[in-house]
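What follows is a pair of complexes built around subunit A, which joins subunit B in one and subunit C in the other.
Moving on, here comes the complex of A and B:
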């Protein structure tokens, strides 16, 4: 579980740093900024904003994929790569690991996070369910981008049944 | 966007740092540089005071984590103030503790200056002060 006590996360050199919250704050503003310009737009405008967020996440994921995977992940099995996402990527970005990973062994994986940090501050339960997709788009892109750097083409979607738990569905694209 | 972040970040900062009441603009600027910047970005900018009435200060950043992976501004975007987010954050945070300030970049390494310098000018609100005293 992510510790929220004062200055618990240690930055380089063992200093007490609070930089983990910076990404959360920035992400909230990104979503707010994109929606501020067209609050009443129809599905078309909303999809555009979701695409922009997903695209941003994708580029960040691509870069993170390079930085995080020093070992030769390219030679590993697909499942190992997904485990890397659940453990290393999630730990680097959200300071926690994914809660569960399931697969049908045919290229579809479901990653479940029971207390997703970007949703935790919003609500608990069914309130704001409609707003949840906005806060998941970036992360879907993040997963897709990291997979891309690791040589895996994928489609990533997210779903929320009740905040703050959410599921990311990764479908590997065979080229 | 920085302003929006700043208005929220200040609560997080006050909760984590437990700083007491500040008695001067210079004290506030020192806390921003030595506690807040250190806590969130891991750097400690140096502080200088720019005028005798002690309400204009500069933060000199010799290292800026936000531009760690940036060599130069993209073509056609040479006037982009890349880290303006930081100015908004400072401004938003100060406003939430009832301090109005202008915060801008005075120098920017990305634009060819030798250092990166953020200027904070605390604005006096005489009307509000009078109102408080009458109470």
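Moving on, here comes the complex of A and C:
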């Protein structure tokens, strides 16, 4: 995930494609590496790896939130911040926009992506459904980190019904 | 040329504060602290404004007899406060704006540094040298 300015300076199309693929490979290796250390420990070990991945995504989200919101004008309300996540953040990281954003107007938002780039290489349907959540942990952290920089405390969870579509649920924590 | 530059976190504690005449530093710290009230006032006024245009640059916060204090707030509610010598009348608004823009982009770079924990004091030497270039040279 390099800053967009770096991509622009060397010719948009070719440079941006390499960025996306490099990030996908790096992400796959991260998940594989964290799982390799806990081959036979029970749910405890797995939760640890999931929170490490989420923590990584959180720190990256904090930095991205700072960098991407630099040029935009100040946000007026929560919905503007969520729209920024769906359009600008998703475009910068995954080169596409979020497919749908729904809310219950009481602090819960559901972001749906029908062809999530990190899952699209795996399967198209129900195969590998149990493996999918570990590939979403980093992205949940990413969303939480970006929201944190923009001043919104939240809890982000993800669910997969059928690859490669997935839903991210963002619950705003009112303090 | 600034006399004092400060970066204040969202929770209103200083992440970085540096002033040039190193004697009487406390006076500048106090000035920055009092300017935070004005910044908060401007931010809440911005929230209630019906105008679509919501700028990051806050402008002149308040003038004293020797100094002028300018403010800038980012989307992550991090505030930059700059104190400028009043006698330096050559400084125009767009120069102040460009100084704030440079500060903002250096702060973004500090944030992206993996060795920096958000919320700590800024200790980056690159940030230090950028601020030095903006401050008055006092030999």
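Here is the rule we use: the second predicted complex is superposed on the first by the 153 of 175 C-alpha atoms of A that agree within 3 Å, B and C clash if a C-alpha of one lies under 4 Å from a C-alpha of the other, contacts with A are read in each partner's own complex, and residues count from 1 in each chain.
By our rule, a contact is a pair of C-beta atoms (placed from the backbone, for glycine too) under 8 Å apart; a residue touches a chain by one contact, two chains touch by 3 or more.
Please read these numbers as outputs of a predicted model, since none were measured by experiment.
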item	value
First (subunit B), second (subunit C), both or neither touched by A:25	first
Partner chain in contact with A:57 - subunit B first, subunit C second, else both or neither	neither
Touching partner for A:33 - first (subunit B), second (subunit C), both, neither	first
Touching partner for A:117 - first (subunit B), second (subunit C), both, neither	neither
Touching partner for A:151 - first (subunit B), second (subunit C), both, neither	second
First (subunit B), second (subunit C), both or neither touched by A:66	second
Common interface residues of subunit A - those touching subunit B in one complex and subunit C in the other	63
Residues of subunit A that touch subunit B when the two form their complex	6-7, 11-12, 15-19, 21-22, 25-26, 28-30, 32-33, 63
Sites on subunit A touched by subunit C in the complex	59, 62-63, 65-67, 69-70, 72-76, 149-151
Residues of subunit C defined as touching subunit A within the complex	10, 46-47, 53-56, 73-77, 104-105, 107-108, 111-112, 114, 118
Of all residues in subunit B, those that touch subunit A in their complex	1-2, 4-5, 8-9, 12-13, 15-18, 38-42, 69, 85
